[in-house]
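You will see chain A twice below: alongside chain B first, and alongside chain C after that.
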Partner chain A sequence: MRQWYTIFQKEMLENWRNFKWVWVPLVILLLSIMDPITTYYMPEILDAVGNLPEGAVFKMPTPSPVESIMMSLSQLNTLGVLVIILMSMQTITGEIKSGVSEIILVKPVSYSNYVTAKWASFILISLASLFVGLIGSWYYTNLLFGDLNFIDLLKVFAFYSLWFMFIISLSIFFNTIVKSQGIILFLTIVVVMALNLLTSVLGKYFNWSPSQLSQHIEDMLLTNHISTDLIMSAIITIAASLLLLIGSITFFQSKKIVE
Partner chain B sequence: MTLLAVKDLTKTYGSHTAVKHVSFELTKGKCIALLGPNGAGKTTILRMLAGLLAPSTGSITFSGYKPNQDIRKEIGYLPQYPAFHSWMTGREFLIYSGQLHSLSKKEALEKADLLLKKTGIYEARHKRIHTYSGGMKQRLGIAQAIIHQPKLLMLDEPVSSLDPIGRRDVLTLMEELKENMTILFSTHILSDADEISDELLLLKQGHLLESGPINDLRKKYQTAMIELQFTGDIALYEQKLLELPSVTNVINKRDVLHISVTDVEQARDEVIQKAALELWPITQLTMNHSTLEDLFMKVMTK
Partner chain C sequence: MFEGLEQINWGIIAPLIVIQLILMVIALVDWSKREVTNGPKWLWLLIIIFVTTLGPIFYFIFGRRDD
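Up next, the complex of A and B:
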């Protein structure tokens, strides 16, 4: 446990020194508040830049607070996921490539400590970033579109953070089986896209898939009730993340000898 | 006492076999040089001993452990091209290394400062590692390898990439460390092996050609030869030397007579007797003590 904490502390320090603790929250915040704000100011923006014919009138429906929060989530679902992958895609391969792992792994470092400490450090950044982003989105939602209960926001955070956890587990998993960062990025995105595609095509059978989380979160906000589907999606997401983590440790270990 | 025994070690990469059925033992307290030309399999062997590579076949047994058991606690290892977390300072990296070896924060701190002083990089302890020179990195590399006082220290080409001053510093450091731990280091530079090692492992293309204490090997591969220098005309004596019973051949190279003999000591006595009798103007008589290079060349071309 002490060794785990040593590695975790090193990861935290590294992510601080390479500014991940700065740019990730900033980008996530930006992504979260972008859509609510641009939607609100869309008429003015169109007025200012669009060469609209004289007398053209646009009627835009004002989104509800729930729709506003969901706009943020849909940004996070695409670009946010990319940011999370970019942040974590070289955590293990980078060290193998630079040769640091040759010096670190000849020390009696437990492979599971090594993998899980890295995992935990990225979870922490991404959850902190998500929290900052959602607070931003919540602030502008309240300001521009109407009240949203803070407790509801916390529920959104609690369930949506599982999606980020899943992405990080996926990225770390590919870190342990593929050497090239580009391929890690590619594979992680392919898996996420495949999951999204399967969910939308075969929704019936994939109702509890991790990528359904945001759909269920929206239902939760609309009905004010945590559905079984949401709970099951959450459980499946946690289970999948743990499986990926166990897989990562197993793959990583099998590359080296420890008997 | 045997610290580590390697039996029938083989490493295959696809169709290429980097290490072929190598067996040897490391004696506790010795400094052993793993000597061979580039591509001989030195790094592969060290990596397998360090647990970074799995052997294809064969066993590595550390004293007190089962064969192929995880021995990372007992060893310190410095790769040929050490890479560090270059965003850390030298001191931070040493503390981190110590803590990974389950030293407490306080112990790691004390050890780190001690080693920074011992390796002569204490002044740069608060600088980021990416600002360090090659020599400083090598010293930091040695420091991180010994912070937990390993029983076996393995260094992969510790001095090959250093300038003469850095080389001298590292060799001096190794000389000191020899007192406290067994050292196995690889090199392709003969004079380094000659200078500090007690035992040799000679490798070529994955085969272990020779191994043993350096003096025994010297004796084994020593050429029976005497060199003689004279004032005056050398040619006069060539014929006379050939008449001696234990002399087999005489060659004149740059006014030095290289005399091949059947037995060095007997031949020496014969030469001295004859020279004393006839008052030869000898300026120098050398009984050949073959260099490590002769030995190396002989083993490699065997």
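Up next, the complex of A and C:
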């Protein structure tokens, strides 16, 4: 445990020194407040730059608070996920390339400690960023569109953070299989997109898939009730993340990383 | 032509600008401390300053080289 904590601290220090602790929260915050603000100003923006014909009238429905939070989540679902993958895509392969991992693993450091400490440090960054982003989104929602309960926001955070955890696990998993950063990025995005696609095409059979989480979160906000679908999705997401983590430890131990 | 934009409440927009500025400043600090970057160093300076928001982010992701 002490060994794990030492590696964890090393990771935290490294992520601080390369500014990940600063830019990832800022980018996530930017992504989550962008949509509520642009939606709010859409009529003005169209007025000013839209070159609309004289007398054109646009009726834009004002989004409800729930819709506003969901706009933030849909941004996070696409660009936010990309940021998380980009942030974590070189954590292990980068160290293999620069030789740091050799220096660490030549000592009696267990492979599982090494992988899980990295995993935990990235989870911590992404959850902190998600929290900052959601607080920003909540602030603007209350300011522009109406009240949203803070408890509801905490629920959104609790469930949506599982999706980020799944993305990190996936990225770490590919880190232990392939060596090239580009391929890690590509594979992770392909898997996430395939999952999204399968879920939307075969929604009936993939009702509990991890990418269904945000849909269930919306239902939760609208009906004010945590459905079994949401809980099952959450459980499956946690299980998948843990399986990926175990898988990455096994792959990393077998040292069969593809060039 | 820009009448509509004058009514915008800057209290709402200001945080966006502040976040972008912070990103840019941090990227510049890191840039000035670093001897080598991926690709020509002066090019990254232009990217950080002139490409809003995305410039600093790209610098952090692709420009830094961990040695």
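By our rule, the second predicted complex is superposed on the first by the 255 of 259 C-alpha atoms of A that agree within 3 Å, B and C clash if a C-alpha of one lies under 4 Å from a C-alpha of the other, contacts with A are read in each partner's own complex, and residues count from 1 in each chain.
Rule of thumb we're sticking to: a contact is a pair of C-beta atoms (placed from the backbone, for glycine too) under 8 Å apart; a residue touches a chain by one contact, two chains touch by 3 or more.
Remember, it's a predicted structure, so these values are computed and weren't measured experimentally.
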Would you check which partner chain A:94 touches, where first means chain B only, second means chain C only, and both and neither mean what they say?
-> second
Give one of first, second, both or neither to describe whether A:106 is in contact with chain B, with chain C, with both, or with none.
-> first
When the two structures are overlaid on chain A, which partner does A:10 contact: first (chain B), second (chain C), both, or neither?
-> first
First (chain B), second (chain C), both or neither touched by A:48 = second
Once the shared chain is lined up, is A:177 touching chain B (first), chain C (second), both, or neither of them?
-> neither
In the superposed arrangement, which partner chain does A:29 touch: chain B (first), chain C (second), both, or neither?
-> second
For A:18, select first, second, both or neither according to whether it touches chain B, chain C, the two together, or no partner.
-> both
Quick one: classify A:2 as touching chain B (first), chain C (second), both or neither.
-> first
Take the contacts of chain A with chain B and those with chain C, and give the residues found in both.
-> 18, 98
Please give the residue numbers of chain A that touch chain B in the complex, ascending.
-> 2-3, 6-7, 10, 13-14, 17-18, 98-100, 102-109, 256-259
Complex interface listing, chain B residues touching chain A = 50-55, 68-70, 72-73, 75, 77-79, 81-85, 87-88, 96-97, 99-102, 141, 144, 148
Okay, in this complex, where on chain A does chain C touch?
-> 18-20, 22-23, 26-27, 29-30, 33-34, 37, 40-41, 43-45, 47-48, 83, 86-87, 94, 98, 136, 140, 143-144
Residues on chain C engaged by chain A in the complex (per definition of touch) = 1-5, 7-8, 12-13, 15-16, 19-20, 22-23, 26-27, 30, 53, 56-57, 60-61, 64, 66-67
